[in-house]
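Presented sequentially are two complexes of subunit A, the first with subunit B as partner and the second with subunit C.
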Partner chain A sequence: MITLLILLVPLVASLACLMLDQAKVKVFALGTSLVSLGITVYAFTLFNNDIADQFLVNYWWIQNLGISFKAGMDGISILLVALTNLLLPLIILTSFRHEYKNANTFYALILFMQFALVGVFTALDGFLFYVFWELALIPIYLICLMWGGNDRAKITLKFFIYTLTGSLFMLAGLIYLYLQTPGSHSFDIDVLYNVTLSPVAQTWLFWSFFLAFAIKIPIFPLHTWQPDTYTDAPSQGTMLLSGIMLKMGIYGLIRWMLPIIPQGLAEWGNTAMILSVTGVVYASCMALVQNDFKRLIAYSSIAHVGLIAAGVFALNLQGLQGAMVQMIAHGVNVVGMFFIIDIIQRRMKTRKLDELGGFANNSPIFTILFMVILLGSIALPLTNGFVGEFLLLNGVYQYSAWMALVGGLTVILGAVYMLRAYQKVMLGEPHERSAEFTGLHQTEKIVLVAIATVIIVTGIYPKPIIYVAGPAIEDILAHVKDIY
Partner chain B sequence: MVQFAWLIPMFPLLGFLLIGLLNKRLPVSLSGGIATLMVFLSFVVSAVIFREVAQDGSVPERVVLFDWISVGDLSIPFSFLIDRLSVIMLMVVTGVGSLIHLYSIGYMHHEQDHPRYFSYLNLFVFFMLLLVLGSNYIVMFVGWEGVGLCSYLLIGFWFKNIDYCNAAKKAFIMNRIGDLGLLLGVLLIYNTFGSFGFREVFEAARNFPENSEAVTAICLLLFVGAMGKSAQIPLYTWLPDAMAGPTPVSALIHAATMVTAGIYMVVRSNVLYVLSPGASEIVALVGLATAFFAATIGLKQNDIKKVLAYSTVSQLGYMFVALGVGAYQTALFHVITHAFFKALLFLGAGSVIHAMSGEQDLRRMGGLKKVLPITHATFLIGTLAIAGLPPFAGFFSKDEILAKVWEHSPIMFFVLAVTSVLTAVYMLRLYWLTFYGEFRGTQHQKQHLHESPATMTIPLVVLAVLSTIGGFIGMPEVFHTPHYLNEFLAPVMWKVNHHSASETFEFLLMGISLALLLIIMFATYNTYVIKNVMPEENDKDLQGFAKLVANKYYVDEIYEALITKPLNGISSFVYKFIDQGFIDKLVNGTGTSLNGLSGVLRFVQTGNIGGYIFSMVIGIIVILVLTMIL
Partner chain C sequence: MKALIVIALLGVVAMMSEVFRFKKLLLPLVVVGLLAACGLAIGDWNTAIRYYSDMVYFDNYALAFTSLIIFITLLWLIISKEYFASDSSRAEHATLILFTLCGGVIMTAYSDLSMFFIGLEILSISLYVLASSNKHDLKSNEAGMKYFLMGSFATGFLLFGMALIYGAAASFNLVKIAEYIQTTSAHGQTPMFVYAGVLLMMVGLMFKVSAVPFHFWAPDVYEGAPTLITAFMATVVKTAAFAAFYRLFSTCFGDISGFWAQTLAIISAITMLAGNVLAVSQTSLKRLLAYSSIAHAGYMLMAIVAMNNISGGAIFLYATAYSLGSLGAFACLHAISKYGDESIENLRGFAADNKIWAAFLGLIVLSLAGIPPVAGFFAKYYIFYGVLQSNFAWLVLVAIVSSLIGVYYYFRIIIIMLQPRSETASVLPSLTGAHKALLLISALLALGIGIFPAFLQGLLS
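Right, the complex of A and B next:
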């Protein structure tokens, strides 16, 4: 029931947005996103850590094809739903000082995006998962296309085709998998988990799934759509993409790849691991030489998720726990970072690092909040980033010390590019135009303070996240270990 | 009372939050007072706990605050370890810390941004206390990285000056290079011994064979961390630059406490280092090289703080030599005495700079003895202590290091002995140039010369007293008095070499070093006061070795050419020609060629939204139909 509610609230709200008055739509969208958040909190209070697939809804959709509308949550799902529903109100709040044209459509698409994302994270039927996966692409594509920057037509098209291509591989894989199910075939996740596959089939499936998920995450060298799209999308679009949507890829790896094709992973996981950690160093180096602040964070995001993917491919408890903690940490931090860029850009009409500088004088509160978010993203202890990065590195270390060393370079490189950016923006003599940098507005303060609070609270007390994710991860690993 | 150990870091944390949150709403004079009070309260609690541990306890006690990270069989509680090593460090950190806080009230009173300064300083003490209190490597790491952050924030305190900001950034990044080593070492510890907890790791290690690969790797990786934090070759170049920060910060963070964290960590891990003589030898050699090279650089620096900075690097090198030869207590002994006399010297230098309206160049000073009587007297004590004149504190700890090194390797002893001669030379040069001769500053500076206020001179006097008597906690055996420090630390050490040098050697060493010191005093007095030899106005006039030394062996330039430039150059190249050039072109090319081949894709690429959604729906239907047929 709760699962249905969490799905339906944003869907209904999205449709309602289309009919509302332009002036009221912002507040309405914020209100409904807070309702979703409330329901999620309520779901947490009901959540029983000992039972898999809770809040299950299961209806036949197309019965003779074995397709059902089956959705529910285990520890992994509920955490990602929580991330989505926590970030949504914040993302909507960040838009409060923007006046977008066609605001109705804008907010309707954001809420529809929420619906699709929650669907991806809760679907327990292969076909349903695929439908939500593709549904999520449509609103974000439209948001980027209609409210994006100058190059939006070309860039969004590339983004669209790139990710759609990946999805098609996944679809092919899913159908193949479906055809291997016994009896009258089924897309039910429990059935898919128990399909017996030949090693060759596992290899093919590995690559078809890997392509889809790796493009979404993105894993090097399938990343080139990402910096362009992040840079060109409107701020809220970038936040949705980087904060939540890329977690679809990681989630896909964990839920739909690990348990289904463990042998494929045993064979090809090392390749994936190498690509992931290469991406960490590669993207960090790219971030070093960016002058556009938004593009810099886009590359840093590739580096961060590269390490998350490496933790997943390590196929051990700590790596996966690290991935869970870091997905949430990265989501929160990257939204904060993109909002900081938004705040600067709206005031200064530029986000080129060499045209900024000296803002530390103007707004001490902004300086401190920026610093806290920065510390979270460079994984300083007692911030959320540290817990995730530490567990990830520990997981990767158990897989291979050398991989941990290469991936661990993010400890150094992250500090180099983030402190460079911070210095270029905040420090130095006041810039000739930096007087135009006014202090924070109320809504801006609320968002940044909320994010900073989450960064520190989950850094000091990550226990609830680890506790909730634990049994679900062990379930997943049990499927992987079966094979060995 | 030990159970209340959490109060010790809590006070400065409270101070940080209070000052940070109230900020400008706080009366200007109050923030310094609150900050000082908080650290002093920590000192009081530390003292009470110290007494307790000194009286009854060799039993270390663990204070668990909460369960921080636990995943499967990995469990990291946020907990403190109260044992004889940590209480000694607590006393040094909170004791010297409160004095420097007090001093800061006077030193910073011209500054605008009081709350920011004092909140950072309190935050630093908080993290430093976590570092020494942590009962496992991860909590120690929290403090370890935290002090690095505070160091960054305080070096760049005057953030409008971009050079200062660069110095701060450099410090943080070099520390992070070390931190990666430390982190990997800690991960290796976990994967070798199955725990992060000090007690568990060392217990397991005691049954380990000597010279195993894993332990050697652990020791070397931990040492990489120590190289960063404690400024050893090759990661030392940040420390001299760190002098960009306010002088009390240099005294507290970059002399007395933070930079000794590496030594603390090795002492803490002495069980592991005992197991790896190979790694220990490397520690000794790196320490020796650092001690020597930094001392030579110190000879030719003209900035009063730079001289002290290189002297710190050099003294830290001493400590690592001691660690490398297995004299862990001796290293800690030098940590303590160094904290006293180096904090004293930095604060004294601060007092001079304060009087000179911000001037730091030795060539502009001179004759300050008369105008700054207290500063002069205390600075003299500091100079004699670091130069190693008995009975000042530095004499005992330095002599003990030399004696221990002699047993290990006469060659190392010789290099280290030369280094202590150099130390005496550059420190006395500094002293004569600052306090004797004619005043060489501007008329404006001359008019403003004044002795510092009481908030600054009281810490100077207290530290001078400590620098005078501090050495008595570790008298050499020849005097037949107990070595209090060694006795006190015995429970936290595993196998320590208790061999002591022969009495003849001890007396010989003392005699020779005393004689040498007197000669150096006379010679430097002759050069800098009687003959009034001044350092060159322009470094370009220097020749040969002097030029090399004055330019710090061009290490910064070498790093720039070998690491910074290539990293940026290669990254730019890759970005332009591979990321945007090759990979992206390849992707676009795939799209274009498909586009050429396929009519369907051309339809897709019309940019028509309806088209996309339509095709997606069609696609889904096609799939459904297909599966029905199949």
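Right, the complex of A and C next:
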């Protein structure tokens, strides 16, 4: 029931947004996203992490093909649903200082996106998962297309076709998997988990799924859509993309790949691991030389998720725990970073590092909050990033010390490029226009303080995340371990 | 059968209207008559009666397709008032449309090759005239002429194929042919000229459904014919042609599918690739839709290649989704082409002027591109599923690639529609009530079928 509620609130709200007038729609969208957050908190109070699929809803959708509307949450799902529903009000708040044309369409699309994302994280039927997966693509495509930068038509189309390519291969893989299910076929996740597949089939399935997830995450060398899209999208679109949407890829790996094709992973996981780790180093190096702040964060995002993916491919408890913690941490931090860029850009009309500088004294509170979020991204102890990266590197180390060594470069390089950016933006000679940088508005403060609080609280006390996700991760690993 | 009689009578009445001077009443009469025919077809559901010593056989397959093409014709009539506006040609236009439909119904329900041929000819000959019905337009004349010449050539192939099959099976009856082929192929004694006959019939049919490399007429004819007739051809006629194609091959030639399936699979792959690739560079929306209809023919051929227990339902669902999508797109094309040429650029600024209708057009485009949760996605899903089940994995890969190309040009419609209009452009695309109604109906149906696809597909499996 709760699952249904969490799904339906944003969907209904999104349709309602279309009918409201432009002035009220912001507040309405914020209100409904807070309702979703409230329901999520309520779900947490009822949550018992020893039981697998909770708040289960299960109806037939297309009965003669064994497709059902089956959704529910375990520890992994509920954390990602919580991430989505926590970030959504913040993302909507960040838009309060913007005046978008056709505001009601804008907020309707954001809320529809929320619906699709929650759907992806709760779906327990392969087909339903695929439908939500595609559904999430349409609103973000339109957001980028309608409110993006100058080159938007070309860039967003590239983004759409790129991701759709992966999705369609995944669809073919899913249908193949479905045809291997016994009896009258079914897309039910429990049935799919128990399909026996030949090694050759596992190889094919591995690549068809990997393609979809790796493009979404994105894993090197399938990342080429990402920097352009992030840079060109409107701030809220970038936040949705980087904060939540790329988690879909990681989630897909954990939920739909590990337990279903463990042998394929055993054979090809190493390749995937190498690609992920390569991406970490490559993207970090790219971030080092960027002059556009937004592009820099886009590349840093590739580096971070590359490490998360490596943690998943390590196929051990620490790696997966780290992935969970880091998904939440990265989601929160990256939204914070993009919001900081948004704040700067709106005031200075530029986000080129060499045209900025010397803001530190203009607004002390901004300086402090920026620093906290930055420290979270570079994984300083006592911030959320540290817990995640520590667990991830621990997991990867158990898999291979070399991989951990190379992957660990992200910590060092991350510190270098982030501190360089901080120095260029905040410190140094005040730029001639720096005086224009005024203090923070109320909504901006609320968002940044909320994000900074989450960074520090989950950094000091990450145990709830690990506790909630624990049993679910062990379930997943049990499927993997059957093979060895 | 009752539906067929009603439509044929309606056609005769339409001719009479010229003599007895009730032309003003004609259009309402046609609508009422078609509604009745559609109702009668649905009312016959699950009866499966063979009529006239098994010349036509109205099983559920035939009834489903009959209802579909009548329904699509009714939808088409919503925007087509203008085509029947001129007093002098109203009766003949109505008659020709009704006879085309009549031929279409026979093509979905035939149980005898001679009947198939009669149905096809009734459909085609009416259509030749319709394509050139814009008498004073050179392009329309060219379209009619081209279609006639190439169409009769293709009919020749078809007839030759039929003759060879008849020579072997000594019967035109589909059931008898199927029995003959079953017994001979079981012993490996099928004579060579049966295969030749199958091939020749395939060529004729592929011309009718505009499969590559027999598609060359399609873009020119689609472009030259009056827009409304193009819409009719792309939806009703194509659906009927596929119904006939699938009926023939599933009833008669299933046992020798090893002979033709591979060929058809290759044709299907080339068709969707060529259709989509050629659509990419089109600047005229009409030509773009013509190439897109070629590409969709490729996808529908996949269902014939797969030929298993879900193929009938899959092709029905696909034809429905495709017809609804195309009709919606043609409605927009028709609306904007009143204000100038058929260039896709005329859609610029469409979203700013017609917010809701742009959203509906967006839904229709998503359906044509095959993005969930709209009808087109499920149609593609069933087709892919069927083909994978029949172990044509490579064909699915080709279909995936060509779908991606499809997205590229379909989304161009969305992109252009969302862009602000350039200042120099003076055209103001606006929609009449009829266009809005058709857009609304087809978009909502596409969405509805997308959310509950099981019903339509389940009808035939």
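What we mean here is this: the second predicted complex is superposed on the first by the 484 of 484 C-alpha atoms of A that agree within 3 Å, B and C clash if a C-alpha of one lies under 4 Å from a C-alpha of the other, contacts with A are read in each partner's own complex, and residues count from 1 in each chain.
In this text, a contact is a pair of C-beta atoms (placed from the backbone, for glycine too) under 8 Å apart; a residue touches a chain by one contact, two chains touch by 3 or more.
Keep in mind the model is a prediction, meaning the values are calculated, not measured.
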Original post:
Which holds for A:Leu179: it touches subunit B only (first), subunit C only (second), both, or neither?
Top reply: both
Original post:
If you stack the two complexes on chain A, which partner ends up touching A:Ala52: first (subunit B), second (subunit C), both, or neither?
Top reply: neither
**OP:** Figure out whether A:Glu134 sits in contact with subunit B (first) or subunit C (second), or with both, or with neither.
**Re:** both
Original post:
Who does A:Val41 touch here: subunit B (first), subunit C (second), both, or neither?
Top reply: neither
Original post:
Is A:Gln63 contacted by the first partner subunit B, the second partner subunit C, both or neither?
Top reply: second
**OP:** Determine, under the contact definition given at the top, whether A:Phe169 touches first (subunit B), second (subunit C), both, or neither.
**Re:** second
Subject >> Dominant contact partner of subunit A by residue count, subunit C or subunit B >> reply: B
**OP:** List the residues of subunit A that touch subunit B in one complex and subunit C in the other.
**Re:** 62, 64-65, 131, 134, 138, 145, 153, 157, 160-161, 171, 175, 178-179
Original post:
Residues of subunit C touching subunit A in their complex?
Top reply: 366, 371-373, 377, 381, 384-385, 388-389, 393, 396-397, 400, 403-404, 407-408, 411, 414-415, 418-419, 453-454, 457-458, 461
**OP:** Over in the complex, which subunit B residues touch subunit A? Could you list them?
**Re:** 20, 23, 66-72, 74, 116, 138, 141-142, 145-146, 149, 152, 156, 159-160, 162, 165-166, 169, 172-173, 176-177, 179-180, 183-184, 187-188, 190-191, 567-568, 570-572, 574-575, 579-580, 583-584, 587-588, 591, 604-605, 607, 609, 612-613, 616, 620, 623-624, 626-628, 630
Original post:
Any idea which subunit A residues touch subunit B in the complex?
Top reply: 62, 64-65, 131, 134, 138, 141-142, 145, 153, 157-158, 160-162, 171, 175, 178-179, 185, 221, 224-225, 282, 285-286, 288-290, 317-318, 321, 358, 360-361, 364, 368, 375, 380-382, 386-387, 390-391, 393-394, 397-398, 401, 404-405, 408-409, 411-412, 415-416, 419-420, 423, 426-430, 460-463, 466, 470
Subject >> Residue ranges of subunit A touching subunit C (in the complex, touch as defined) >> reply: 61-65, 130-131, 134-135, 137-138, 145-146, 153, 157, 160-161, 164-165, 168-169, 171-172, 175-176, 178-179
